[in-house]
Amino acid sequence: MLEYASAGESHGAALYALVTGLPAGLVIDRDALDALLRRRQGGYGRSSRQSIERDRAELLSGVRRGRTTGNPIAIRVRNRAGGAMPPVTRPRPGHADLAGVLKFGHEADARDVLERSSARETAVRTAAGALAALFLRAFGIEVFGHVVRLGPVRFRAGPLDARVRDASPFHSLDPSADRRAKGAVDAAARAGDTLGGIVEVVATGVPPGLGSNVQPARRLDARLAAALMAIPAMKGVEIGDGFAAAGRRGSSVHDAIRRGRNGKLVRPSNRAGGLEGGMTNGEPVVARAAMACRVLTASASRAISCLCLACRLE
Amino acid sequence: MLEYASAGESHGAALYALVTGLPAGLVIDRDALDALLRRRQGGYGRSSRQSIERDRAELLSGVRRGRTTGNPIAIRVRNRAGGAMPPVTRPRPGHADLAGVLKFGHEADARDVLERSSARETAVRTAAGALAALFLRAFGIEVFGHVVRLGPVRFRAGPLDARVRDASPFHSLDPSADRRAKGAVDAAARAGDTLGGIVEVVATGVPPGLGSNVQPARRLDARLAAALMAIPAMKGVEIGDGFAAAGRRGSSVHDAIRRGRNGKLVRPSNRAGGLEGGMTNGEPVVARAAMACRVLTASASRAISCLCLACRLE
Amino acid sequence: MLEYASAGESHGAALYALVTGLPAGLVIDRDALDALLRRRQGGYGRSSRQSIERDRAELLSGVRRGRTTGNPIAIRVRNRAGGAMPPVTRPRPGHADLAGVLKFGHEADARDVLERSSARETAVRTAAGALAALFLRAFGIEVFGHVVRLGPVRFRAGPLDARVRDASPFHSLDPSADRRAKGAVDAAARAGDTLGGIVEVVATGVPPGLGSNVQPARRLDARLAAALMAIPAMKGVEIGDGFAAAGRRGSSVHDAIRRGRNGKLVRPSNRAGGLEGGMTNGEPVVARAAMACRVLTASASRAISCLCLACRLE
Amino acid sequence: MLEYASAGESHGAALYALVTGLPAGLVIDRDALDALLRRRQGGYGRSSRQSIERDRAELLSGVRRGRTTGNPIAIRVRNRAGGAMPPVTRPRPGHADLAGVLKFGHEADARDVLERSSARETAVRTAAGALAALFLRAFGIEVFGHVVRLGPVRFRAGPLDARVRDASPFHSLDPSADRRAKGAVDAAARAGDTLGGIVEVVATGVPPGLGSNVQPARRLDARLAAALMAIPAMKGVEIGDGFAAAGRRGSSVHDAIRRGRNGKLVRPSNRAGGLEGGMTNGEPVVARAAMACRVLTASASRAISCLCLACRLE
């Protein structure tokens, strides 16, 4: 069973995460790890803070000679901009500030709340997710994230080509829409504003039967929904056709089961997003998450952690 | 800490649930309990099976003289239509059948999977949710569910008036749209088809600070998302403005914090759906879930369980 | 992952348990199940109530045609002696009465506490443990319990022979001591008193590596200790040489590792009771639990549940 | 709910722990924290490694201006003796080596197992336990540990006087036995051997009703047993009279409930060690743990963590 917890504030010296449950012998691909953290920091229109930082995940334990030992892995991602910060006495809308001040009794300074609720925490979550992605890769499962919407701009879907996505400043698969997206971001920035967006995560190579229908809490769709909604600023999650399915007839939301030429079962469509009855059905798992306020393009990377942390073997 | 688990198959003698963690002394309002189960079974266009049954939740333990004792509560909801059933050898699309047969190795008969994955399980989940609702009510929290979409028909929002909703065969707050909904259901039924839909759940009277921002797994938005997605056939969950927020600017998705005349903080809008930073902020909690295939109007009732089971005190 | 919870009071109509996580296809050996429940009720000097009852575990779900389906298993063990009972206004020492009355606020009647804390609950726990034992047996693991002490009488250890144990009214492996034990029980009974005792549980055929050293909460010794201490009236748990090891030198508490003729590693002793570093080491797992007040001879049976419920695979 | 996990190997740069769930506003008493770590390292006959080190717990997050913020607390305890270490190819008896090598497949070097299973991990567990102790102290609960046995030497019990204990090189309350203990340790050391022992932990000021009788897994006695057994080398745990109770009659193991002069309930004895029915009963909680091989005198300190981590509020 994989377990994950993190600690650290956005202006402290570093963020820490602790991952327990990775098996021994997994080769740690540092390049892949660093690439994911880099992708989290990329993206057009990031705040200056993001562009200055260059995060690096230090694996403080549980790894020896480039392989996991089976022991818990402590991860550190240092913060650049530390030091004393002025108190925050005016809770900001759209943040944890007000709720947190009321919950914890931090009347004089909301900083104790907001520094923990900052999206900065996702740096170390991304690192943990990268470890999870390496684990999934050992089973032939690849997780691919890309941005499908940015404010008013919808990006068309395309083949899951990492080069196309990584060449796009918006991490989209639709270069033709990038110019419009640039315009939308610039216009929002000029107005001192930000944009929301939607990220899609696709896991391919997933065997059938992960997750379980036997108890509500064991369903993989429920766990994925929790993992995605737990990313700061996410306000919606859908699987497969998601909300669009609600407007259709039943005959248009299911995926027929046919027997192919080789005798294998094939499914001509994947409206269910690879999940039926709370279990993977062998088709790619497709999930989307909607973020209010600003698409951190990294959400795709971060979401990688979701599948693995959510689908702990039973 | 509230814990819930269930057992039972759709054609077995009964469904069972086990709820641990309700405090002692809670008055069990049988009428409220029965009303919720009745609402689950109501709704225009339910299958004949649903209309024949009249579920009743038997509380087999943990209640004495009309009050909870603090002990675990075992719940039984009997099935009417039991008995031997023919084997299912052709897995149905849109169900757990195929994934389950592959997972558990039930080659000869998918019945062992599908009878557990049936929406029938939600009868006992609704009963557990009703207990949770009684618990929340003791703190002045009321949970109200209603249907906001049925296939092509969108119901307008209105005041949260239980009489209006309960008078509607679609459990909507918009009587003017019920005729169109009836037409849509009838048309689908004539075509041997079904309709999807969206249910909205609103919790009022919620104090600020439930859930926590300190660890991803403790966020109430994540837990609510899991609880709603764990209802069979749900493919999407959103909180507050949800997916719509992804298309807007940041300035249009937040809720200003103002000081009212009496010195209290007031918020002119509730786009966040009562959840900021994974915690309740004192505004009503608003969540929606999208169901593929058929709106079981009871989803609203079932979702009541989500808030309470999800927001276990920390 | 195996999960277990129970419900029910000692004078209610029945006890219920819910076991989730047994795989599909496990053959349910009814005779073995009933034998374990019978053993729980046997033993010299049991109260009259125990001798009248003849418990039977009904499996209400999750089993079909004599095999598990992978679905949760609801278990019912009916109580014979139900009905209205007089209030208990005087908390009894050595029971949950006082603590429970203070915790739950049951000033007028301690019955709500004591009926849940009764050793009667172990009837359904024994049934769940019997399912766990069947699961372990599928891997060649056998769990054997016997009484090693009864008040002043110590039973000598002997070969783990079920016939010897089952022929003993004290479930011991030492027939020569049974007469003395009978005398001790009779003397205590005449004085209106009871006796404590110690039960030993041995699991053979255990592969190395169950449990884990990587995190305190994953150690199998810790889980076994919790499972055994959670049986009512248990006040002590030890593994292998246990408390006796505290009085010895280090060189006398370890088990040498030698290479046998066939090249396999052998260990001439098993002072560690099969657990090193919180993991099984391939030797038999040996645990003992001390009960205050009265040896329910069934403790051995009940403890069977511990190993399996505790050693959930990781 | 308090949660704890740790990471780090004994020859790595540092050990890490992550504690989630402490409330905001708790004053961190650095002196008390350091004193507990110092006590862990003291004791007659510790290995040279222990005497060289002087551990210090760095609180890397979750604390600001000397108070907890409510955020997770990351703890670091640096190791002095780091660096490359030779491979261990011969598994040592009495350690996790063999089981771990078989579990994780570390054929070439047992070091990956043993460095995680080392008692060194308890340095950071002690630090986490110290935080838990500060939390308990805020409710007037004090946890006091002392050594009651060291190999052949039994220390008499006495008043819980920290000065007496801290003046003893064996952390006992019986100075008269210290000379004999010194002789026993010296004799064992000359023979290249070590001694086991028993540590007792007493928690005073405990309110009634912590823990719960309603579900086996919620019993505080079960949780304490797990927490104590999870300390490396522990082979036995008992509460109150423990194993001795097994040899007595029921009338000699219970604690009468009397009404005192002021009308309050009083209990003339505390054989139950403060726990009845899995709940605290208002008397001091008394637990003992038996260690094979060597009494780390610090076990008392470490065990402090047990009560708090185990008795998470429900």
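Each chain carries a letter (A, B, C and D) given by its place in the written order, and its residues are counted from 1.
Everything below uses one rule, namely that a residue touches a chain if its C-beta (ideal position, glycine included) is under 8 Å from a C-beta of that chain, and two chains touch if they have at least 3 such contacts.
Not measured: the values here are computed from a predicted model.
More inter-chain C-beta contacts link the pair A-B than the other of A-B and B-D.
Interface equivalence for B-C, evaluated over A-C, A-D or C-D, points to A-D, where over half of the contact pairs coincide by residue number.
Averaging C-alpha coordinates per chain places the centre of subunit A 26 Å away from that of subunit B.
Look at where the CA atoms of subunit B average out and do the same for subunit D: the two points lie 45 Å apart.
Residues of subunit A found to touch two or more other chains are 5-6, 20, 70-72, 103-104, 113, 116, 214-215.
The touching residues of subunit B, when paired with subunit A in their complex, are 4-6, 91-100, 102-104, 113, 116-117, 125, 149, 151-152, 188, 191, 193-198, 208-209, 212-217, 219, 221-232, 234-243, 245-251, 253-257, 265, 267, 271-273, 276-282, 290-295. Contact residues of subunit C toward subunit A in the complex are 1, 3, 20-21, 70-72, 214-215, 218, 314. Interface residues of subunit B, counted against subunit C in their complex, comprise 3, 5-9, 12-14, 16, 18, 20, 23-25, 60-62, 64, 69-74, 103-106, 112-113, 115-116.
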